[in-house]
Amino acid sequence: MANLDIHGVLPPMLTPFTQNGDVDYDGHIGNIKRWNGHQLGGYVVLGTNSETPYLTEAEKVKLIELTVQYAAKGRMIFAGTGLESTRETVRLTNCAAELGVHAALVLTPCFYGSQMNDETLIHHFRQVADASRIPILIYNMPANTHLNISIEAVRVLSEHPNIIGMKDSSGDVPRLASLINVVPKTFNLIVGTASAWYPALTLGVRAGILAFANFAGSQCAEVQRLFDAGKHNEARALYLKLVPVNVAVTSTYGVAGLKHAATFLGYNGGYVRSPLVPLNRTAQDHIKQLLSAAGLV
Amino acid sequence: MANLDIHGVLPPMLTPFTQNGDVDYDGHIGNIKRWNGHQLGGYVVLGTNSETPYLTEAEKVKLIELTVQYAAKGRMIFAGTGLESTRETVRLTNCAAELGVHAALVLTPCFYGSQMNDETLIHHFRQVADASRIPILIYNMPANTHLNISIEAVRVLSEHPNIIGMKDSSGDVPRLASLINVVPKTFNLIVGTASAWYPALTLGVRAGILAFANFAGSQCAEVQRLFDAGKHNEARALYLKLVPVNVAVTSTYGVAGLKHAATFLGYNGGYVRSPLVPLNRTAQDHIKQLLSAAGLV
Amino acid sequence: MANLDIHGVLPPMLTPFTQNGDVDYDGHIGNIKRWNGHQLGGYVVLGTNSETPYLTEAEKVKLIELTVQYAAKGRMIFAGTGLESTRETVRLTNCAAELGVHAALVLTPCFYGSQMNDETLIHHFRQVADASRIPILIYNMPANTHLNISIEAVRVLSEHPNIIGMKDSSGDVPRLASLINVVPKTFNLIVGTASAWYPALTLGVRAGILAFANFAGSQCAEVQRLFDAGKHNEARALYLKLVPVNVAVTSTYGVAGLKHAATFLGYNGGYVRSPLVPLNRTAQDHIKQLLSAAGLV
Amino acid sequence: MANLDIHGVLPPMLTPFTQNGDVDYDGHIGNIKRWNGHQLGGYVVLGTNSETPYLTEAEKVKLIELTVQYAAKGRMIFAGTGLESTRETVRLTNCAAELGVHAALVLTPCFYGSQMNDETLIHHFRQVADASRIPILIYNMPANTHLNISIEAVRVLSEHPNIIGMKDSSGDVPRLASLINVVPKTFNLIVGTASAWYPALTLGVRAGILAFANFAGSQCAEVQRLFDAGKHNEARALYLKLVPVNVAVTSTYGVAGLKHAATFLGYNGGYVRSPLVPLNRTAQDHIKQLLSAAGLV
């Protein structure tokens, strides 16, 4: 399998919905066109911030197709294809492969959480990686899955030729250090939250799949550019300014907050799909205030 | 809407798979035929122990159809139709209605857990109940969802004419007491684990959807019969004998344990679907030993 | 060692403080005199609701002395003597023994929680039980300790001749069933929350150390009297009425809530000791309303 | 109040015990003498790794006295004086002040955890800071307290003239970023685990109270020296080598692991006090192997 060298900032793209709950595909295309103008490493379609558990397979396929079609040349495209069952994950992954996706982000299955031990997870990822026509990235997202794949399981899986990296959204920086210690140099460790972006860079991480980049991709990229240029103080200062906004649009207000911020900054944030509910006015004002304090307005 | 008066023991039916991972529909039919001979109140298809997150919609439909077709006359049939999105939940619920199911068990959505507060859950269940052609049962299963719907949210929802009850699988008996205090007398409180079966009966609960009843339905029913006959000591003694087995086949070993016990006792337990893995030999022996100690062999 | 047969309701006595934060010993005496007039099995001094982690050793000794001195004849007196270190626990336990206490309630040590596994806890309790001149009761209180001693550890410890029982305040009724299955018939299982009082009785538990009994001892005792008389419906109905108050004065508002309810009902609730803060007016009103709804006013 | 500018590495000193469980004061003196030869910023006596919940007040006083007496000139000396009650915390803090300690590390009280909200904690720390004759450092240690003081509470407390900083042992680096954003520049943010040492330095933190420094103080100091000299790659590489050992001697094996490593490297680690149990042989071998892999032997 060809290895990918993943670096830069990739937005896990939000999915805009119309008021009646349908996918706003034109909105999606519009967002991609705008992101194409920013210094981004690529795109993630069907990540956890895309409301992917609310999407039908037909919607998923169309979102992948449009992403492949409208993404600027040279941008990496990853799709979140992890489902609870191994066989369905394989099927959707190979479907994404067929549609032109470069690698699949496979979330740890979690419904029967007490049974998802190292043995089970290793078995699952190996089966997927063996059967997948594109490379696999392990996706660890404890806030949603209530499961934190062990360092040892990642070490074992990193030896598989078709498992080329991992997105870790735990925000746990010491954990990143432990991971760096056990995986091959070529294994792509990707940080999954802007709240850990600068610290991750200082550890040698070179890529971020950051929900925050849905509306502040340039700023995320600038943190990395400054860091790479040895301008540590400037990089850190910019990062510190972004953190409060990121906490608000991920932890505090979730996807509805993320979409509100995106809309406020001119993207097609669109509506959330039920059971998610729109932000109330107080929350909207809070987000505007945070965006303003961070210099994003 | 017609109200249902739910009582007795209902197995949330396991789904047998063949070794290659396909649904063993004949095995399912065989199980129903055998359960038809026991004193059960009805059947739950697509409950959390059915590996429902691993089933395709076509498989779900066929399992519902077969259940409706083969269930003995007069048995209530419930289907687990809760999905993460409200609109998909409505669609699957009305599909189940069309197929002849009497009520739908709607699991609390949970993927964006930090956003699933009272307001959100109330909104979700009301939308589903408004649009559903059959009555709705709230389904609370914290071990899988990492979410415990609040007493207050249940109180509010119990006022909806098409929400006729709740399955609570928390095993939290004081919580059942709190629920009893706030819901109408006609609201069907159903306990969701055999480990709380007898205590729940003493509080006035009259129905149990018990994974354990997949292979020990008669014993579960006997606990209730003894209790109803005022034979408290006998009821309690039988219940106490069953608890250690139930802990093993639910918490400790999960679905693989449940299926192994079922197979050992002559049902079509079948294989688990990946990522779940089969029980190792030590676990198998442990389960046999527990079944034997409980007098189930 | 002589065995104790523990039954009935025992309040884990609150400690009244004056406004300046000193122990109000007269208030304590006054409470005991009033409790002496109720149908209680005895008293627990220095339980978790006594603000024991805020008391000096001199204060503890005086509270024990006064309890022994003023308790009505024939009432069992237990003292909470569990400290983090084994040697200090032994010392305080034997000090309590010298002062006339009948048995010691030994809380699981918990500060280094990740190290408090079965082996460690078994070793600790055995050392304490070996060295103590009075019988030992294991005290499990996960809400405060974030630790839940395993069924297996209790089974092993229940074989020790000087460990005569256990107070379980988890409120986990299925857990009580599991415990009943593994301990000797003579082992005193005591339930530690009024929210599980009636369900525990139905399982065969015969004693409750109930914070609620600080101000509603007669009602707690009445639940048991009705149950023992075979009046299950009356017992259950009374229990159900008490649950909402108990949730408020334990979980929701904690010790400050308990003390406010006690003061409102004529006991010497007194002030809490800092860092605990007094109840605000809204909470006070809520408690009055709950007491009234439960028929306790 | 005079402000302190805290920087460098400070070991939260372990307390060596003899085999019979007494404090080995000579061992403590010996350790200090050896630490005096390393580039350390000072010492913390009675930190959470000192088994302080197992120490009597007389033992605490003597350990403080010896630390003050034997510490090299110019070294800062902090004492952990946080107890559950506010008044006892004040008393012990001023006792430590009298004995020559420069600042007090005050752990968040936690026993009645559900009541330890912002209001309560702010009230507690203000009372302590008002009454203390030496400056106060907030001490946040969720692994032991199951409580994580909020960013907002720290922000409010950082305005108090006698609260000069905070030790945060959560290991949560994004949290450090959030704290940096809200406290005054002069507020001393101290990281409390070697697993976050280098990332914390990159955020601008200048001090670490690191259990790891009990036996590898020079290596911890060297990470900071390299970082301050702009040798980021060398600093990171050294840090990464230390992380696996730190995970073992803090999370995995706890104080017994820490002491074993210290003893193995020539310090007076001594015995643990019961209920802690000594390391078994397998764990001892594992630690030796990790120390060796990290180049510490």
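First chain written, first letter: the chains are A, B, C and D, and each begins at residue 1.
Convention: a residue touches a chain if its C-beta (ideal position, glycine included) is under 8 Å from a C-beta of that chain, and two chains touch if they have at least 3 such contacts.
Predicted model only: the values in this text are computed from it and were never measured.
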| remark: Those chains that touch chain D and also touch chain A are none
| message | Which chain has its C-alpha centroid farthest away from the centroid of chain A? | response | C
| request: Express in whole angstrom the distance between the two chain centres, defined as the mean CA positions of chain A and chain B. | output: 35
| message | I'd like the Å distance between the centres of chain A and chain C, where a centre is the mean of that chain's Cα atoms. | response | 49
| query | Could you say which residues in chain D touch two or more other chains, in rising order? | reply | none
| field | Chains grouped in pairs wherever the two touch, ordered by label | value | A-B, A-D, B-C, C-D
| said: Help me check something: in the complex, which residues belonging to chain A touch chain B? | reply: 21, 48, 53-56, 84-88, 109, 111-116, 119-121, 123-124, 127, 143-144, 146, 251, 254-256, 273-277
| remark: Counting only contacts in the complex, chain D reaches chain A at residues 171-174, 177-178, 180-181, 193, 195-196, 198-199, 202-204, 232, 236, 239-240, 243-244, 247
